[in-house]
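Chains here go by letter, A, B, C and D, matching the order in which they are written, and residues are numbered from 1 within each.
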Amino acid sequence: MSHFQPADSQWESRVRASFERIGIMKTLGARLGALEPGKAEILLDFHEGLSQQRGYFHAGVTSTIADSAGGLAAYSLFPADRAVLSVEFKVNMLNPADGACLRAVGEVLKLGRTLSVCEIQVYSQRQDEERLCAKMQQTLFQVAAVS
Amino acid sequence: MSHFQPADSQWESRVRASFERIGIMKTLGARLGALEPGKAEILLDFHEGLSQQRGYFHAGVTSTIADSAGGLAAYSLFPADRAVLSVEFKVNMLNPADGACLRAVGEVLKLGRTLSVCEIQVYSQRQDEERLCAKMQQTLFQVAAVS
Amino acid sequence: MSHFQPADSQWESRVRASFERIGIMKTLGARLGALEPGKAEILLDFHEGLSQQRGYFHAGVTSTIADSAGGLAAYSLFPADRAVLSVEFKVNMLNPADGACLRAVGEVLKLGRTLSVCEIQVYSQRQDEERLCAKMQQTLFQVAAVS
Amino acid sequence: MSHFQPADSQWESRVRASFERIGIMKTLGARLGALEPGKAEILLDFHEGLSQQRGYFHAGVTSTIADSAGGLAAYSLFPADRAVLSVEFKVNMLNPADGACLRAVGEVLKLGRTLSVCEIQVYSQRQDEERLCAKMQQTLFQVAAVS
């Protein structure tokens, strides 16, 4: 279990509503998984329209769900009137992203007033097996939410 | 003009064919732009299905076209029987990606026998203006092509 | 305990000898800490000659011991006739590196035939407390050792 | 020539004074080179105490002068009462850092009120030749100076 205390008791519905506003998640077919304060999971089933040249998940697709998993993990700890922006991230592809499903798990490493840092692990799932296929380190900015 | 000599005289048709095999490019609506040996451009018009929560291009979408622009830039210099894999990349979001179109320009910084390094600039275009909105530094691996 | 099996039974003396050949470690005053297969620790006491403008450890110093901790962690798993080179790394400064001592702990995330990936945590120690002050993600290349 | 306008007419003496306060620069033997608004150069001659296992400049040493070259480039554009902190950086080693001297050139890519982004090129010099040996992308934070 996460050791973070959310600043807003409505954090979970706020995270779910935020995910619904991310247009690219619908385009990819991604869905929100388990949530905890400071932690968020995004799942994505493979289809041809997500591939690179060899028929695996494209590294940019892997990064897209990782970036949002990290962003939502940090956002879950923000006060209700704040929003999150990605400053930068770095991702290593560790193993081919060749499974039937990707699972990105974002976790807050450092929560700051202005900047927060998350790390995100992406697992590729095939039958009963799961393997770490990518790891991201990400910096996020806390801004005033637009109303 | 680029100072690189392509190893394969058919480099341009090979790069175009490679782009066609990237499933996520069709899903996003991205198209290939100008090509030179060691340089590749990808263009992407905005639509709702590419957005993050504020209605701008999602950082993962920006990264997806940047990653492929860098990959194709390196691939253009490879011998005909080789393929390219992304090892890792790091991207900074410099300005909001809020224009009508993104233009990613990938360029080879170092061509190696096994590893190559590219840098990719992504510009956001609005009316007659263009602004640098993201910069990526990327490591690529040269592998045998699958037949 | 680490789950890695070293390829060379003499891995520990090989890692210790490798550390002794790193000139900058002596210049900084760094010393080798605990070792396990796939894991290496480097310690560094603060002195004025390691500082940035505010009198904390310079981010480059933090990165130097982190880079070598990761490199030695990977090197511990290599066959005896191989050496390690840093391809690239990315480091986030999470908290001020303002303690009396830094402790960098490098761990192998992925061991590959050519490329390996490590992550390195750097803790700043003050009296009885220890705090994570930096986190690095690093790519390494396995090459033939020079004789 | 740089296109940036410094906010403080005393920027150059302020940058020189800041460099003098960086303890690790003296320890390494680094010296400040050419300065422009938004641009800073650091030079470093090779000696055994800066090496990795093969006798080249250690990647952490290369990163240390690159980090400060970027930090001073941004600092040159700050108002007089502000200071600079490194948030994160990523560096690729492109060629062996095996020359007699390193030359790091930091340049501001984006100047922001809170965050700035620099890129830094490090060249290795040998006799009459110079070669790009490392490239860094770096995020910096603007804070109130301590008096």
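The criterion applied here is as follows: a contact is a pair of C-beta atoms (placed from the backbone, for glycine too) under 8 Å apart; a residue touches a chain by one contact, two chains touch by 3 or more.
Nothing here was measured: the structure is a model prediction, and the numbers come from that model.
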{"item": "A-C or C-D - the one linked by more C-beta pairs in contact", "value": "C-D"}
{"item": "Most remote chain, CA-based centroid, reference being chain B", "value": "C"}
{"item": "Centre-of-Cα separation between chain D and chain C, whole angstrom", "value": "23"}
{"item": "Whole-Å gap separating chain A and chain D, where each centre is the average of the chain's CA atoms", "value": "33"}
{"item": "Chain A and chain C, separation of their C-alpha mean positions in angstrom", "value": "28"}
{"item": "Where chain B touches two or more other chains at once, by residue number", "value": "87-88, 90, 92, 139"}
{"item": "Residues on chain A engaged by chain C in the complex (per definition of touch)", "value": "90, 92, 94-95, 109-110, 117, 119, 132, 135, 137, 139"}
{"item": "Chain C-facing residues of chain B, complex", "value": "87-88, 90, 114-115, 139, 141"}
{"item": "Footprint of chain C on chain D - complex, ascending", "value": "18, 21-24, 26-28, 48-54, 58-61, 63-68, 83, 85-93, 146"}
